[in-house]
Amino acid sequence: MPEHPPLLPFDLMLAIYLIAIAAEAMSGALAAGRRDMDIFGVAVIAFVTALGGGTLRDVILGNYPIGWTQHPGYVYLVIAAGLVTTLVAPYLHHLRRAFLFLDALGLVAFSLIGCQVALALAYPTVVVIMAGMLTGISGGILRDILCQQVPVVFLKELYASVSLVVCVLFLLLGAAGLPADANSALCFAGGLTLRLLAIRYSWQLPTFSYHRRWD
Amino acid sequence: MPEHPPLLPFDLMLAIYLIAIAAEAMSGALAAGRRDMDIFGVAVIAFVTALGGGTLRDVILGNYPIGWTQHPGYVYLVIAAGLVTTLVAPYLHHLRRAFLFLDALGLVAFSLIGCQVALALAYPTVVVIMAGMLTGISGGILRDILCQQVPVVFLKELYASVSLVVCVLFLLLGAAGLPADANSALCFAGGLTLRLLAIRYSWQLPTFSYHRRWD
Amino acid sequence: MPEHPPLLPFDLMLAIYLIAIAAEAMSGALAAGRRDMDIFGVAVIAFVTALGGGTLRDVILGNYPIGWTQHPGYVYLVIAAGLVTTLVAPYLHHLRRAFLFLDALGLVAFSLIGCQVALALAYPTVVVIMAGMLTGISGGILRDILCQQVPVVFLKELYASVSLVVCVLFLLLGAAGLPADANSALCFAGGLTLRLLAIRYSWQLPTFSYHRRWD
């Protein structure tokens, strides 16, 4: 099972994927820093944030061996990205926009990869969509659980929904006969645009508040 | 591996199972509402609460493909139940008793199904019991972890214990030669009665409090 | 896959392993007591703390059937250890040193076992190390998640790092040609010494604190 199938010209896609897992690892390291963890904890949270989503997808789909176990380089990359973050953290807030952009790249790239893995295993449509979303968003959910906060992906501007839109669009265009490469490129551009607009204009889903006590 | 083996006449059992996962999904949606999540978060928590326990069981038993990946209808049902909950929530406290009854149905039905899955895979007795309990209670535990609360199944009236009693009784009666259908029906009735009595009379297990600091 | 391969003379290794899972189960029970859980919750947390790390390792490596499902005795042992803890808890603080020693035994033994399982499955080096650490430390992480606290393994004296050192040393000495038995014995002694020194002298990794808000 290729970890980074030819969505776009191979080298570009691989570059995007590597940048995306590094960006996810950095977001994990910052969350660990908010909890004053030691550098070992930083490395673990970075790993879980960047590669936990794909791990969960592979476990649920029974897709063994799990991706990163066959690509040791990814493991070194995310740990290095986590540790470097502890050094450059004082400067990172100047890079907030770049960071959000890289994170958006990752969200969309991970979602497309997740869909393709499940498609290759011939799972039903709804499972393909869920595999895409699982890959796209669950690393961040695991990060928030380990760092003791309610998962932000369910609280802020459109995030999980971007993953859903990307996955559904990818399946619809595929069913309509669009070749895989063009389809991936289009979904990639569309998803990225949607996420960036959501950040720019603070688009949110309606929230559900329920605080009645039953006793 | 049938998801809903013939515990009771098939149509009745399927109906109970569908009602139970819808009830679990609703309890997940309400928990998400207590955390002011967006409707996407509501759908995710509903899914995890209703189908997470069976997923965990299948992963631990190596029972691939995982149940819901072969039954897309279940996925749509739990998401729909979660979203409908956001609309009807203002009226739900009037239905508290009905809700607790449906939840009890689910606890017992899930426990029996979990036992049967592990039995069919020829696991040892203690694993069969744990598979039953995992199916019965772990969806609620995952819900509470994602919503940042200590799992209520370990804090309130007999709940996990009902699952244990149902699983042990099912194995004992099976070993005693009771036919599977009669066995399931009996365990179902017994477990449901026990849970409802526990709610009615606030039966609790002894708790363990330990607040000594060692440093 | 042997759960307790011949690191040391077999009977000694088995004894260490059994003591270690009992000690981990006790630490889980105490954590449950800090949350005032009922005795069922105590049993569950004890189980997850003692056998959760190995479970996670086996799931991630695809090493089915999972260890404890083939060794029912381990399940009874950890549940019994958890429940006995609720009875002897008032006296345990007198045993703090013994307890820390048993926990250190467990950390090192679990780490070595995890490495050997992954080695036997021919995974790459970095995966072998992560399998060792996963077995050594993730039971405690799961315990802390279920009991709603930030995982202590990332906050206190050298703990996860001891696991890392043990795993790396084991691989290096193995690559240098040391026979497996001598290697295991040496790594065991070295890891135990390191952990005990870290406790005695409060050795810590540097921590990473990041509390800048970006908004």
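To keep things simple, chains are lettered A, B and C as they appear, and every chain counts its residues starting from 1.
Here, a residue touches a chain if its C-beta (ideal position, glycine included) is under 8 Å from a C-beta of that chain, and two chains touch if they have at least 3 such contacts.
What you are looking at is a predicted structure, and each value in this text was computed from that prediction instead of being measured.
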Which category does the touching pattern between chains fall into here: line, ring, star, complete, or other? complete
Chain C and chain B are one sequence twice: same or different residues at the contact, by the over-half rule? different
Superposition rotation for chain A onto chain B, Cα-based, multiple of 5°: 120
Averaging only over C-alpha atoms, locate the centres of chain B and chain C and give their separation in whole Å. 30
Give me the residue numbers in chain B that touch at least two other chains, ranges are fine. 59, 145, 148
Help me check something: in the complex, which residues belonging to chain A touch chain B? 59-62, 123-127, 130, 141, 145, 148-151, 153-155, 160-161, 164, 204-212, 214
Contact footprint of chain B on chain C as seen in their complex: 29-30, 32-42, 44-45, 55, 59, 64-66, 69-70, 72, 75-76, 86, 89, 93, 96, 145-148
